[in-house]
Structures are given as C-alpha cells and as structure tokens.
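Structure provided below as structure tokens; questions to follow.
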C-alpha cells in the first residue's frame, strides 16, 4: 500500500487490516505513541476543513510524529499558480507523508503520481473522501461487530452526498447487505450509483421518502444534511425539512441496537436531544476517525511493500477531454488528458482523475 | 478546578496556587519541561489574536505538550454552521484541553458544558478574558511582592476596556486596595461596574481626568488604548488623545517603584521612549502571561479533583430572553435561555452566558 | 553571528561554515535530530509564502525543535496596528528564534534591533531574501563542487528578480565568475546593480536577449519567471514569452553538466518535460533550502559569539527621509529615519532599512 486516493483502491483484506490496526491502537495507545517519532505529516488543505485536518493532525501527534502544512488556499503557493505536481514534489522534500484536501477533483491523484512520499486523499471536491468511509466502516465494525448481514439506511441528501456514495461502494464488498435509501424525490441517489454499484454488485436496496416508517428495520442509520440550496422550489424545502430531522421521538420506533451515524458537521438534521441516546454514535465516529487515520498513516509509513503509483496500461491519453469544471485537468500545467473505458458495451469512458464520464 | 471561564470562578486560594506555581515554573523551568508530554492543547480561535494564541501555544510546548487548532473562523467548521457545543464534543476526541477565543460572549461556557476535556476561556467578546487578568495579577505579585495595600491607577478607555473591568473585579478580593480611575468623561468606568464591584466590595476609588496629577500616588499604572472610534466628536478625540499618552516626561513625576502595565498591543498610548524605563513592565507582562498559562494548563490537566461543570440550581430556564446581539444564545442550536437572579431587591436578572442584564 | 538580514552581512568564511554544516547535516541527519530539542522557532509571516515557511518549519522539526507562528497578516496583531518592534519584543518571550517574512522592506532589520532572540530575514518585499541565496549557493556548491570559476547565466526577469540581484551580490566574492544576463530589453538588470556590484567588483558579464545561443557556455542556468504584469505592451509579452521558456529541446544545446536552478514556484517558464533531465536541479534546490536553514538555525542558536545587532556609527539619523512606499520607516511607530553615505563622490545616501537611495 502506498497511496490512498479512493477507498476502492484498497482490497477487502487491506481494509480489515486497517480496521484491526485501529482497534489495536484503541486498546493499546501507548504501544503506538512513538511509532512515528521523527516523521512529519504535511496537511495540504486547499479547502478548509477543520475537522478532517485536526483529525489527521491529532492522529499524527498521537503516533509521536509532527505536522506542517497549510489550512487554506490563500496562504499557499497555489495562489501564485503553482501546479499540484510541483507542490507535491516540493513537499516531498519537507515531509514524510501528505494528507491533501482539494476542491479540485483528481488533485490528490496528481499529487500521488508526482510525490516521492505517500499521499492520502483527505477529500477532493465531490469525488472521494476515503478516510471518511474508513471512519464509517470502523464505527460500524466496532459497534455491530461485523460488516456483513446488515440493513443500512441512508437518509437525507443522497444525490450530492459524497460520503453516501462512497460508503455504499465500500459496503458492496460485504455479504448480505440491505440498503434503504430514504430521501425526498429531489435528492434521490443518482442513477449511475445505482447502476454502477447497487445493480452491478446485486445489492438489495429499496427507495422510500419515509424516514419514520423505515426506522424499525435498520441496524444502521446514516444521516446527512439536507441543504436548502439544493432545492429549486423553496416552498418544497420548507415542507420537507422537518420530515428528515431525526428527533428523540422518532428514535422510539428504531431498534434498541440500531446505531446513528453522521459525517458531521450537523446543523439541525439531528436534534441535540438525540445526543444523549446511547444509539447516537456520531461523536464516537469522530474518535474512530482519528484512530483509523492513525492506522492508515502507520501502514503507509511502515509498510515495506512500496509500490509506486502509476496509471494503468489501459489508460488512453489525450484522445478524450474531460469537461468537468472541477477536474484537476482543467488547470494543471501540462497534464495529459487520461481516460479509461469502463463499459465496453455502452462505450463509456471515464476521466482517470475525477471519474466523470467524458 | 476544571474549566476557567471567568476569573471570579477561581477562589482566592486557587489564584494564589496558580501564581505560586507560575513562580516555581519561572524558577525551575526544567522541572516542568516534560509535564505535559503526550498531551495536546487545542487552540480554537474564532477570532484572531496572535498574542494570546502564541502565548498559549508556547506555554504548552514548554510543558512538553503539543498543539493543534485554528486561528481564524473562516478556516473552521464554524463557517459551515457547526454549533459551539458540537465543535467542543468533536475536539474532545482530538485534544486534552481547549483554549477558546470567540467574538461571541458565552461561547467558552457553552463549550465547557459540552466538552469532556477542560476548557479555558481565551477571551469571549467584551465579556471575560481570565488569563489576561491572571497575567496582570502575576505581574503585580512578582513586581510588588503582594496583592494587598496597593494604589492602582487605570488610565484610558475604562468604559469598554474588558481587561480593566476584569482586573478591578479580581482586585476586589484583596486587602486595602485603592483604585484611581483616570479617563476622559466619555470613557469613564460604567456605573454597573462601580455598583456591582467597587461599591459592593467597599473599595476605595476616585475618578479623575488628569493623568499627570495622579501619577505620584500610584504603585501600579494600568494603561489602555483610547480608540478614535469610541468618540462621537472627532475634535474631542484630537483634543484629548495626547493627554493620555504616557511619555518619558510624565514618568518623571511617578514613584521610583511604580510599575506600568498594558495588556498590549499598544499603538501610541505609551511612547517607545518609556520602554527603556525599568518601571515599564508591559513586556515582562507578556512573559508572565506565558508562565501563568503554563500553570493553568498544568493545574487543569493534572488536578484529580475533577468537577464537571454544570449550571447551578438557581438558574431559570427559558423564562427570559437575552437580547445581547453578541451573546452565544443568539446563534447556538437548541440552546436554552438561562438567567440568574443577581439582585433580589431590584429584580435584576443576568444571562448566565454573557452576564448581560435581561 | 546573531541575525541574518542580508546575505552580505555574512563573511565569506561564515558562508562556507554554513554550507559545510549543511553538507554534514545531509550526510549525518541523525546526529542533528535532537540539537534543538526544547527550542522554538517563530515563523512570523506577514505575507504568505508556503514554501519558505514550510522549509523553515521542517528544518526546525528535523533539528528536534518546535514551531509557533502565523502565516498571514490578517490573523496577526499587525492587523491591530502593532509595530514590528513591539511584536519582536513580544515574540522574544515565546520563542528562541524568529524567521520573519514581510512585504515591508526593512521590517526584519527593525525586528532584529528589538528582539532579544536571533532574527532571520525570510524575505522582505523586493529587498532581501538571504536564505534563498544561501540555498542557491549550497546547490551550486553541492552540484559543481566549487563556487569559483563558473559561468552563470541568469534568465528571465532580471529587473525585479530579487533572488537574481542577491545571488549576483553573493557571487561577487568568489574567484573568476562570469555572468551572462539573458532577458528581454524591458526586464534587463537595473543599472544600480551593474554599477554597485558587477562594476565595483570587476565581475565579467555580458548582456543578451538570446537564451538559446547562450546555453552552451553555461555551467549554471538560473531561471526566473517572466510575469505578464511587468509588460506595458501586452503584444510584446505575447511575442516574447515562449522565447524564455526552457524546453527539453533547448536543453540539448547545453553542456552535459550544466545545472538548472529556479527559485520556484515555476509557472510555465520551465517545461515539465525538463524535470526528468538529470541537469534539472530545482527540486534538489528545495531540499537544499531545508538543509541550509537547518544549518543557519543551528548556528544562530548555538553560536556563543553573541553579538547584539546595532546600527553602525556611520548612520545619520533624521536628516534624510526615505520615500520608498514599501519601507518600514513609512509605518513603524517612532522609528528614526536612518541613512548611510554609500558613495562619497556622488553623494549617494541609502536608507539603512530598505537600501533605497534617498
């Protein structure tokens, strides 16, 4: 293992390894408190994200290492027009591992192709956020004791919710998973996720607009925020917003061992009253986020099976142009366009950097 | 001791304990250089304040600990609308102690009610700034050898000067203190401070507009800045501004052992020429600020008499609404309004968070 | 050695000492990994510069020390109008050494005159950037084995390029140096650099607009960016910009052991294709920057020959006024104007802070 750009880059075994390492760290923190002494993590946050940044930083500090970096783009060389590739090469002289957050999709992949040190994607636009997914998996694993045989409800904004798409993708590898998709019509899971993941992996799922009626079947409820901006019709938002708020009252109809997750920050989609319910696991999730990042940093720094990342042989260069305005190919100096044929029949090509169809 | 939100939360004994610990740190720094090894301070600065932040950070580093945090609100989750309560719970997963600075009055109290780790108020709007007051007390204690039997002049903006109100409050517990209030008419000490503190505690004080004539009686001169913005009449500002500038010339009429304090940053209210006067103690004050914060962090992390902070039984919930636009109750999600009856006779209620009358 | 404000403050011997220390650090990093344990570097960046800041921070961490500071002016006390002198005195209470970056020319000198700890200039406007020059020297020394007998080409913006002026100044002390100045007419090296450095030191140099024809004679090629903003005539910029881009093709006519340097960030003045050429040394330069800063921090903290910085006896106070709008004398509270007579014959006085003629 060398870089973590997308959670699907990790094998099922690698994920179990990471989760088990995280559990061992939780059990014996002292054993790990000097493992990364003398090592430096660079947190390159082109987009602010306090939670994710501080999670990485506290993870590195608890391994005995130290941290350098920047927390917003204005104070970075990026504002002087430096390419992601160059920044990655420069940071490779200063640090031992990079955690990169970017509004530009594919930026961490470009970084990993240029850095001489491991790169972790700490979120690239609407594309990937693998450490959040690993956090979610660890929380489910820790609380339910398994990643198989679970009925998992996703509630809220399933259309734009990157964390939802990513967790569904990760869950597709486990046995006997039932997915319940709970959202208003306007924020349903996109068809391409249904086709590429749910259908392809023969996962059972059902769609509903009703949170209350779904609750009693769930082992896990994954809440997300419904943002007003997502609605074209504001009155529709007003009508719906309370329906998807999780309250202490609604929690009464849930199983006694159901767990509630949320990627945070929450605004008002979960009532503060629910916090004291022992099924509320979203703050435990925060702690798990730190532990899984500790495991990840450790693996990437200590694993001798060092594989330099390269684009595969099946990549087609400079034949198709990615039109995604948030893709790194739009701005990066002298970066080749690169696509992969992902569906031969339908002739679907996807950009290697942002995974958008071209 | 568990949280420090307002300096009046500390008993007289606790303050002497802190000052004595600070003095011991000054004497034997090596003894303390590893006391907080493996511990993390989170500096949550919703409002920039370099001096206070770096004072806390250097304090933690000199105790052998490390630091995470943010230094302005834009790069924090607050910009995504996360409540102070949630941020406090999240940070409790990452760090061992919090120093919080906020423009919102009462925010550190809300944090302390939700965090599972100690919280230090590093300044909340115009409300409290207890570590500045502890810094002032340590400087007086160190330079004068006592906190009793002193004549202390406050000069400049006594109306809006939070540090002035807070130090007067703290001094009210000591024996035989004389206060001299030196300010232009427009910036006199507010009546409520006079009534609630000076009168209540039977402290001797006099008010004057004349700095020069007051100087020869003072043991301590506490300078503050007069900001142009405070004056409605600009010509009045022009007429007055030089009167309250401390110059080398004015210093001639002061006692040979008077000390000059200033919370800094200074702009021009003390001439640079005064810096070389050995009575000028405002840069010593900066060093003392670090030492008293070291003492405070140490006490909060090591003291086993762990008392979780709760609002007292005399708090009245949701009957009165705080109208202070800077109060945390204005924005915090699902936060109960909470007041206390502070004066039975006059029926004065104060908001528990910001201490403003409701 | 006590402060490093301008590279010319260092003697030739001091520079060789620094370079040799840097080489020893490169050879035996473990020997140095605890040399600054318990010491704190303050990075005071009034102007953002990620590369320089992270270089200093990683340098300090690799010496076992720690770091505090700020990375942009808005989050600093400077925004409250605090003088550089006061900030320096304050930071002296928190840290053991300062690296200061400022848009104001002369600010680090003012800091060094007020701080009680060593100050390193990390770049002050268009004035000095001594650690960049030391980085350049270390790279040449490491790659070519000598600082004498070299033909060194400077290409691009030689008019505004601070790093160019500074490196030429530093090279003037070595034996048998040939300078080739390659630039468009509009961006030629200023006359005062030619007169004050090249002519005064009898350095051989020639000026040309032709990069390609110059390449085959060079031992070192120092590239800089040509910024569109520098041209009054935009069509002139369009005509010229490609001429000064270094491509793999152009590299063919260069010597097989020529080295290419660039202070970075690069935008497009060097093609990414050149990066894989083993003569491309600009990323090695980045690593060297860290090592030379380690050497510098070490020297400044450990050298017992502590000389407090003072302005020389030949300084004339308050007779001449510096008109440079970027000079620190424009804003700093109660700072005396100070000039030196640098040319008796022509009666040329220069400001002590920004070195501009008054």
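Quick notes on this structure:
Every chain is named by a letter (A, B and C) in the order it is written, and numbering of its residues begins at 1.
Here, contacts are C-beta pairs under 8 Å (C-beta built on N, C-alpha and C of every residue); 3 or more make two chains touch, one makes a residue touch a chain.
The shown structure was predicted, so the numbers you read here are calculated from the model rather than taken from an experiment.
When the CA atoms of subunit A are superposed on subunit B, the rotation angle comes to 120 degrees (nearest 5). Comparing the residue numbers each copy contributes, subunit B and subunit C share less than half of them at their mutual interface. Taking the mean of the C-alpha atoms as each chain's centre, subunit B and subunit C sit 41 Å apart.
For subunit C, residues that reach two or more other chains under the stated contact definition are 66. Partner subunit B is touched in their complex by these residues of subunit C: 38, 40, 42, 66, 68-70, 74-77, 79-82, 85-86, 89-91, 93-95, 333-334. Interface residues of subunit A, counted against subunit B in their complex, comprise 33, 45, 48-51, 54-55, 57-58, 61, 66-67, 71-72, 264-268, 271-273, 275, 283, 286-287, 289-290.
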